[in-house]
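In the two complexes that follow, subunit A is the common piece, with subunit B as its partner first and subunit C second.
Our next item is the complex of A and B:
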């Protein structure tokens, strides 16, 4: 079966409309000073020329989701009962215009929520029913470093299809079985003739990124014996400027920590799961009032450790960072996580 | 720059800590720099990208520190002193007369977030080199909005001063014209404006944590479970609730440094709410934040009969 198609630029609107009939379609939209994934509506202005401000993580892993609803009742004998209402979610979701790093981010989350003895049904159900087409990146954006963590501007891991923007149109390559969904032969034509142009673009894009990164080319998982890691002064030296907000974690395609709360009214309520952030004081606050990570240094240390040490230890040396650079690009005080990891890997100053 | 480093050196000998700036991860980003060793002074800079209000760190420091402030930032220190959040003897202030800073978010949007590899500033124009091309902008088009209506380019409090005084011709009315214009819009328009803007919020609390006057931090009622003012859900009403709490807690305290708005990753114009409240503060109490150390913030005190609040009259 043909796996490579070509969509002429003028047909993109028609193509997206047709795609939106196959499931709930999410595209990057300019919402004013930010680009966000929103449900596609006819006339939505899709924004592919810059990296989305927020990754499409929330499409599959919403910032807050209802796990179930509950009601307190009494039966005829005045015995208290609790009625639980389950959430049904069988919607098919289609993401068009993610970036390769965004797709790679889902692979990191999959390990935790799906590749385990106790899969998370809510995430798994949505992930299995999602289709992702990533748009390859022509140029690096501020703070990008995907190649340093094993990704690349044309990397297709985690994506069902890879889209390359060429001058006259979009090359659409299906990378998985599910990727066939993006090959709408009524609107696209065979694309093999354009492959060469794509390869040129790929080379050029990788060269630009590699030049931009200079010596920051490769980040290895941190050795659990890294000495500076346990040195409080190291964190004080590098993270005094951190203001301990949750921006870096909420913009991160790989961060998956959550909180579960019961939001109650008098006789009814719902249990919701919402994103949490390890940068917040409350994240580790225990019922006793004790907090094992009471200051920002311990919290940042945990974030770096989780991504570059504990996670790789557990999941065959995979780094829980896809190099999208959002935490660097948007950090209010320009904390650079690459710099921190590099410093950790340097031999310790005496 | 020599003058800057000399001053930092001088202050460092006294405090052993100076909070200033150094170059960030690319040529259009500076980053706060905590000088704790003499060798770190060499990296300090001041340029158009030194956008941060460094005062944000002061109320939580447990040591004496030197600090660099622009005119606008210096009002924060005055507000801190009024509220007793810092002690004057614990800070050594290096003030900088400032001609304005660049709205880095706007610049990144202008170049479509392409990685920037170089900048050069020549008079009124700035050349920005990205990985794929070079573009030239007028500096004025990239100035932060707050700088266009700046009334205090020179620090109002300092121990050392760097730079020639800068004159401002901006009046109070000019500075609040945007708010008055916005208020002329019909209620429905204003509601839909805020519905769209607040709808973008992801509750990352960057606005709160970047705010030097938001001092509850880890005890913020937006996050506590008890009392349960806001839920964890990302519904619009919860987001509104948080932003209103933030704005109202800053009544008569916000010095309009604009850090909340600058920190917001999704570009919500949160400073507008605070400016609106400051406008009310001026009209009701004839009070302006962060101007005189001896002032009492209006919400820290009361009069039995307020001149402009008539509802208590029998």
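Our next item is the complex of A and C:
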């Protein structure tokens, strides 16, 4: 079966329309000040020329979702009953125009939410019913460092298809079974002839990124014995400017921490799961008033530790960071997680 | 039920009895509405459950009745936050949600043949209670059992019935203490870690198990080390803010370990291998 197709530029609109008939289609849209993933509507102006401000994480893992509904009732004998109604979302979702780092982000969450003895059924259901086509990156943006954490601007792991923008059109490579969904042979033509051009672009893009990164080219998982890790002064030096706004976690494709809360009307209510942030004081605040991570240094240390030490420890040395650089690009006080990790890895200066 | 179990769905339980332990602590005895489930429910001493007050939320409590006594499951709840305040307003016959059992348990198999030293403070006696009762129900498997329990005042001591029983048994040494002198109190006065140092129990063939407020745990661990207990023989059960109870929501971790799933029971040796954090 043919796995590589080519879509002429003028046909993109028609292609997306056809794709939107196969499932709920999400594409990056310029909404002024930000590029975010929105449901595709005819005429939506898809924005592929710069990395989306927000990753498509929320398409599969919504910022807020209902886990179940409950109703308070009484039986004939006037005894109280509680009826629970599970919410099941089996909709088919298609993401077109994620970035390779965004897809890698889903792979990180998969390990936690799916590869466990108690899978998160809500995430799993949506993930299994999702189709992701990532658009390869031509040039690095400020803060990008995917190659340093094992990814790459043309990396296809975690994606069902990889899209490369060439001068005359888009090369579409199906990478998984599910990826065939993106090969709409009524609109595309065989694409093998364009492969060489793609490889050239890939090399060029990787070269640019590696040049841009300089010595930050390679980040290894942190050794649990890293000396500075338990040194409060190290964290103070890097974090005194942090304002605990949590932006880094909300823009992160790999952050998955959540909260569970109830909402109630008189005779019914629902249990809701929402994204939460480890950068917030109340995240670990106990009802007694005790807080194991009361200050921002400890919270940031936990965030860095989680991504570069604890997660690798649990999941065969994989780093829970996809190098998208959003937390660096958009941090209001310019905290750079790369510098912090890089310095932790340097042998300590005496 | 679908092919995969939804770990977030609670089962419905009914409150069958409420005991006022102290002015701020109540114990609730609950049974599953499904009698089959009640009969087949299995758990180990030290495991926890998430109690739901529908419309208010969920919170984690240890099952403090032992698996050897299964007419009901008992939870003790101190009124400190939203969910616990809502639980305090419940009556017998009211319905709750329960997700259980969650987490690990006390390694009681490896404690067989050894002397056991329990050190509890306040409501921290709850997780110890399940193991104490379990051991008393399997008394011949264990050596000397010593219980040191303290609270702020005599009024704040939990499980007064149990204390009376343990105090009267020949096969249990019970030491009670309160923080300050109190009219009519004829037992020890002083903070738990200080009383422990004064008691100076021998670490030989002894496992120490402790739970209490964070500050008590902190100094008790120091005291035990000072008395010569090995890190492997010091066991504690931790409390953290938890939401999911299944190691996903990310808030109860200490390094790579989740208190809800890999814990709540840890040895001091395990804790020392994790990043330094306040417990």
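By our rule, the second predicted complex is superposed on the first by the 348 of 350 C-alpha atoms of A that agree within 3 Å, B and C clash if a C-alpha of one lies under 4 Å from a C-alpha of the other, contacts with A are read in each partner's own complex, and residues count from 1 in each chain.
Everything below uses one rule, namely that contacts are C-beta pairs under 8 Å (C-beta built on N, C-alpha and C of every residue); 3 or more make two chains touch, one makes a residue touch a chain.
Everything numeric in this text was worked out from a predicted model, so none of it was measured.
J.: Which term applies to subunit B and subunit C once both are placed on subunit A by superposition, clash or fit?
T.: Aligned through their shared chain, the two binders fit side by side on subunit A.
J.: Examine A:118 and indicate which partner it touches, taking first as subunit B and second as subunit C; both and neither are also allowed.
T.: second
J.: May I ask you to decide whether A:293 touches subunit B, subunit C, both, or neither, giving the answer as first, second, both or neither?
T.: In the superposition, A:293 touches subunit C alone.
J.: I'd like to know which partner A:302 touches here: subunit B for first, subunit C for second, both or neither.
T.: After superposition on chain A, A:302 lies in contact with subunit C alone.
J.: Considering only the touch criterion stated at the top, classify A:271 as touching first (subunit B), second (subunit C), both, or neither.
T.: Touch partner of A:271: subunit C, not subunit B.
J.: How many degrees apart are subunit B and subunit C as seen from subunit A, counting from C-alpha centres and rounding to the nearest 10?
T.: Superposed on A, the angle at subunit A reads 90 degrees.
J.: With both complexes overlaid on chain A, does A:63 touch subunit B (first), subunit C (second), both or neither?
T.: first
J.: Could you tell me if A:50 is touching subunit B, subunit C, both of them or neither one (first, second, both, neither)?
T.: Only subunit B is touched by A:50; subunit C is not.
J.: When the two structures are overlaid on chain A, which partner does A:143 contact: first (subunit B), second (subunit C), both, or neither?
T.: So A:143 only meets subunit B here.
J.: Looking at the overlay, does A:259 come into contact with subunit B only (first), subunit C only (second), both, or neither?
T.: both
J.: On the combined arrangement from the superposition, state the nearest Cα-Cα distance between subunit B and subunit C in Å.
T.: 7
J.: Starting from the residues of subunit A touching subunit B, keep only those that also touch subunit C in the other complex, and list them.
T.: Looking at subunit A, the two contact sets intersect at 259, 261, 263.
J.: Which stretch or stretches of subunit B touch subunit A in the complex?
T.: Those residues of subunit B that touch subunit A are 24-26, 28-34, 36, 52, 56-57, 105, 108-109, 112-117, 130-132, 196-197, 200, 202-206, 208-210, 217-218, 223-225, 231-235, 259, 262-263, 265-267.
J.: Can you tell me which positions in subunit A touch subunit B when the two form their complex?
T.: Within the complex, subunit A contacts subunit B at residues 31-34, 36, 49-51, 53-54, 62-64, 139-144, 208, 211-212, 237, 240-241, 243-247, 249-251, 259, 261, 263, 272, 274, 277, 280-282, 328-330, 332-336, 338-339.
J.: Residue numbers of subunit C touching subunit A in their complex, please.
T.: The contact residues of subunit C facing subunit A are 2, 4-10, 12, 52, 54-59, 80-84, 93-95, 97, 213-214, 239-241, 243-244, 246-256, 273, 275-279.
J.: How about subunit A: which of its residues touch subunit C in the complex?
T.: 67-68, 70, 72, 79-82, 84, 86, 112-113, 116, 118-122, 124, 224, 229-230, 256-264, 269, 271, 273, 276, 278, 283-288, 290-294, 298, 301-302, 305-306, 309-311, 313-314
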